[in-house]
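Shared chain: subunit A. Partners: subunit B in the first complex, subunit C in the second.
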Partner chain A sequence: MLEIKNLTCHYGVIRALHDISMTIPDDGIFAVIGANGAGKTTLINSIAGLVTPTEGSINFNGTEITELHTKDVIRNGIALCPEGRRVFKSISVYENLVAGAYIMKDKKRVEENIEEVFRLFPRLKEREKQLAGTLSGGEQQMLAVGRALMTDPKLLLLDEPSMGLAPNLIDFVFETMERIHKELHIPIIVVEQNSEMALSVADYAYVLEVGEMTLQGTGQELLESDEVKNKYLGA
Partner chain B sequence: MGLFILQIVNGLVIGMLYGLAALGFSMIFKALGYMNFAHADTIMIGAIVYYLLITALNMPFYLAFFLALILTMGYGVFTEKILFVRFRRTSPITFMLVAMSLSTVVKNVTLLLFGPLPHGLSMNYTDAYFMVGGMKISLNNFVILGIALLILLILQLFFTKTKFGLSIRMAQDDPDTASVMGVNVLSTRAATFGISAGLGCVAGMLMGPMFSISTELGTQISLKSFISAVIGGLGNFVGSVCGGLIVGVVESLGATYVSSGYKDVIVYIAGIIVLGFFPYGIFRRVATKH
Partner chain C sequence: MSNKSLSLNGGGIMDKMTKHKDLIKVIIFLAFIAFCYFDSYFSIVGIRSCVNAMAVIGLVLISGYTRQIHLGQMAFVGLGAYTSAILMTKLGWNFWLTIPCAIIVAGLIGALLGIPTLRLRDGPYLALVTQIFGEVIYVLIINLEPLTGGTFGINGIPAPSVGSVSFANPSLLLLVTAAFTMLAFFVANKIAKSKYGRFFISIRESEAAAQSVGVNTMKYKIIAFTLSSAFAGLAGVFYAQCFGVINATEFRWSFSLELLSMAIIGGIASLEGGVLGAITLTVALEMLRPLGSAARMIAYGVLVILVLAFLPDGIISLIGKRWSEIKLMFSDRIKVFTDDRKKKRPKKAKVDA
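On to the complex of A and B.
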């Protein structure tokens, strides 16, 4: 369970997040939606230890992770699939997966996880020797998600997984998310600008507006809320 | 025909060494996105340390080879740890100026210590030769090629089979993401400088005896290896070695069939023409941010 209490973050004097509290249980898909600059990525990054909060606390399964460096956050079972995919372009697909498990000492476990990722994404298996930079955008997104799964995470953070992808691939990304949740039983927090898609797969969702949480509810409730419709669904 | 083959062999040998030095350039460029013009010093330092160990301390050449290699790699790590690491967030121009200034300091200090006179080092690993079309081709060439290939093989195994090698490649590709995955980017940077210096050192040690050993050695070789790296596509490791081979062969054939006085002119003009057609180098495979 991830518990965020009164989280506030600043970039210099600019306040990016203000007094955010949320509780993420061990099961479900959780969406955070909002416009550009609403603080979505800052929220994900502060969970992942890339941004140190100015106030508040983040607790994961009883461990205080607020001040931890990213690699220690990963050791605690949180995986981050960063915005813009960020696969290692000049190394092979297979090596990208090995790279994802950099902190893992157990080589056999790493091999098993690679098999698991290849089972989820057979396309990656076909391309395992290819350089990641030669993959299409959709395949790179699969690789980025697969790489994040390499550390046996107990919580997966996805930052804008649909960014820059063709519409048919966007469907695929959200289907994948549901599959990962169902097959691997990992709770997922997804940050998205594609609000409609995100809300339709989310069990519970949060709306951020200029760093403050303005709304929350189940995905269905928010899809039907007039405020969300007007601001984010373009209806 | 014999002359042609002889010149091809000569070109490949010298080109291989340009390639090793070019690999050093390329590696730092890939990791940092900056050109390290102080790389030239490692070629000179390698050759001079090697020379001194052999002549002043009477060391056998293989021992001198390893010791000089280790010392020069240490020098590479040292420059990163005390100097370059402080400039990791500056503009490429600043970095370039810092590297050039360091290079000038190092070259002049070496000049004061070592003296301006060029020294010869006779370095015959073997006296054997064979005849092709009436030309004597020394087996020495192949010993040098063999050493260079062995070093490339070791490097290849290190980068593909070891975890530390993988972490260096991760950090070269995307330092922020590598750091997120638990890689200590500062140590991979230092290792990159060390390996790069080691490559320069090997190029210097193998090439020194072919020319003469002086403080100018680095400058002579590094310009050619720089053009090799650019022709091969900066940051592309296979390309750097191939670029070196191309430069070596063009230089060698140009010197024989056109005029030895014009060999540098030929190399650089050929380089400019190649870049006109392939602005990112011949061996570009993946679009990179550079």
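On to the complex of A and C.
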């Protein structure tokens, strides 16, 4: 269970997040939606230890992870898939997956996890030896997610998985997300600008606006809420 | 298919192939040194090539592997040169003892400069700071006259010796310099093949991805920069030996740019490329000397542009390729310049599995 209490983050004097509290149980898909600059990525990055909060605390399964470095956050079972399909372009798909598990000492486990990722994404298995930079956008996104799954996460953080993908691939990305959730039984926090898609798959969702949490509710509730409709769904 | 390994360096067959290639590289290098050995003028050219090669090896680690643009490498060569020269002329130290000192001084100052600079986010900060740093070093050297000789520089730097054998003769000095260059290459190659090398590359490929898998990218950028400075310090020791005279103006930023262009022309993505660039350009610049310094720099500039245009991966990318492959590479590049509007060229056409 992830518990975020009164989280506040600053970049220099600019406040990016203000007094955010949320509780993420051990199962479900959780969406964070909001406009550009609302603080969505900051929220994800502070959970992953890439941004150090100025106030508040983040607790994961009883461990205080607020001040931990990313490496130790990952060791505690949180994995981050960064935005913009960041893969290591000049090495192969296989090597990208190995790199994802570089903190893991158990090589046998790494091999098993690679097999697991290939089972989830047979497409990656086909392209195992190919350089990651030569994959299509959708495949790179799969690889980035697969790489995040290499460390046996108990919580997966996805930052804008649909960014820059063709519309038909966006559907695929969200289907994949549901599949990962179903097959691996891990909670997923997804940050998205594509609010409609995110809300339609989310069990519970949060709306961020200029660093503050303005609304929350089940995906369905938010989809039907007038405020969300006006601001984010363009209806 | 079955050739799976958890290292990022590929498997057994490849290892054998690269070993073979490694041997050829060493032979080519030794042939170059042997060629230079028999002529005292060429010995000096050879020493300069080796000095530049050592400095470029450092640059490849920070600018090639880690992709942080470093525009002040020559200042670190200067730090090494002055450290060695001052210790020898003022304190009468033995040449060999000044080598570790120069490496440590350059590396330490590199770390001190790198820690605050690389803490800043991505971007051109390192390039700006290193370039300015080079000028600061220049001004410092000019003004610390009692220590550095100010604008007059340091003269009469004694040659190294072992027992009664002095290496004052350029041919002998060349052999020592070449030996240290090979040592530097060997060490850098070990680093590049180690986990450090892989972390450096991960930063180049995507800093965000590297961070997301838990790599402390800031730490490894600082390590790469410190190592780069240390290699420059080593180069400096032999730079001071080359003519036995050093002067602050020789370490200003334009010479740092020269080093960076050597690395780029040779192929900044690999140590071999860097060394190749350092040697070919040092020799080429010597050959162009009769043209006068202005024409030389123009020729140099044109060469950089041509290589960037037609060989973006450097001269090293030509080596070991068949003529037909090279022709294909060039026609590909020419296409980029002629009809890039219509369609982007497919990146390195790969056969689908």
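The definition used in the following text is that the second predicted complex is superposed on the first by the 235 of 235 C-alpha atoms of A that agree within 3 Å, B and C clash if a C-alpha of one lies under 4 Å from a C-alpha of the other, contacts with A are read in each partner's own complex, and residues count from 1 in each chain.
By our rule, a residue touches a chain if its C-beta (ideal position, glycine included) is under 8 Å from a C-beta of that chain, and two chains touch if they have at least 3 such contacts.
Quick caveat, the model's predicted, so the values are computed rather than measured.
Overlay on subunit A: subunit B and subunit C clash in the combined arrangement.
Contacts of A:Val110 after superposition on the shared chain: subunit C is touched, whereas subunit B is not. Applying the stated contact rule after C-alpha superposition, one finds that A:Pro161 touches neither subunit B nor subunit C. Within the superposed three-chain model, A:Val98 lies in touch with subunit B and with subunit C [touch as defined at top]. When the shared chain is aligned, subunit C comes close enough to touch A:Arg127, but subunit B does not. In the superposition on chain A, A:Phe88 makes contact with both subunit B and subunit C.
Set side by side, subunit B and subunit C differ in how many residues of subunit A they touch, and the one touching more is C. Taken together, the two structures place residues 48, 50, 70-71, 74, 80, 82, 86, 88-91, 95, 98-100, 102-103, 131, 133-134 of subunit A in contact with subunit B in one case and with subunit C in the other. Remark: subunit B residues 30, 163, 166-167, 169-170, 172-174, 176-183, 235, 285-288 touch subunit A in the complex.
Those residues of subunit C that touch subunit A in the complex are listed here as 4, 6, 8, 195, 198, 201-202, 205-206, 208-216, 347-348, 350, 352-353. Note for the complex: subunit A touches subunit C at residues 48, 50, 69-71, 73-74, 80-84, 86-91, 94-95, 98-103, 107, 110-111, 126-131, 133-134, 144, 147-148, 151. For subunit A in complex with subunit B, the touching residues are 48, 50, 70-71, 74-75, 80, 82, 86, 88-91, 95, 98-100, 102-103, 131, 133-134.
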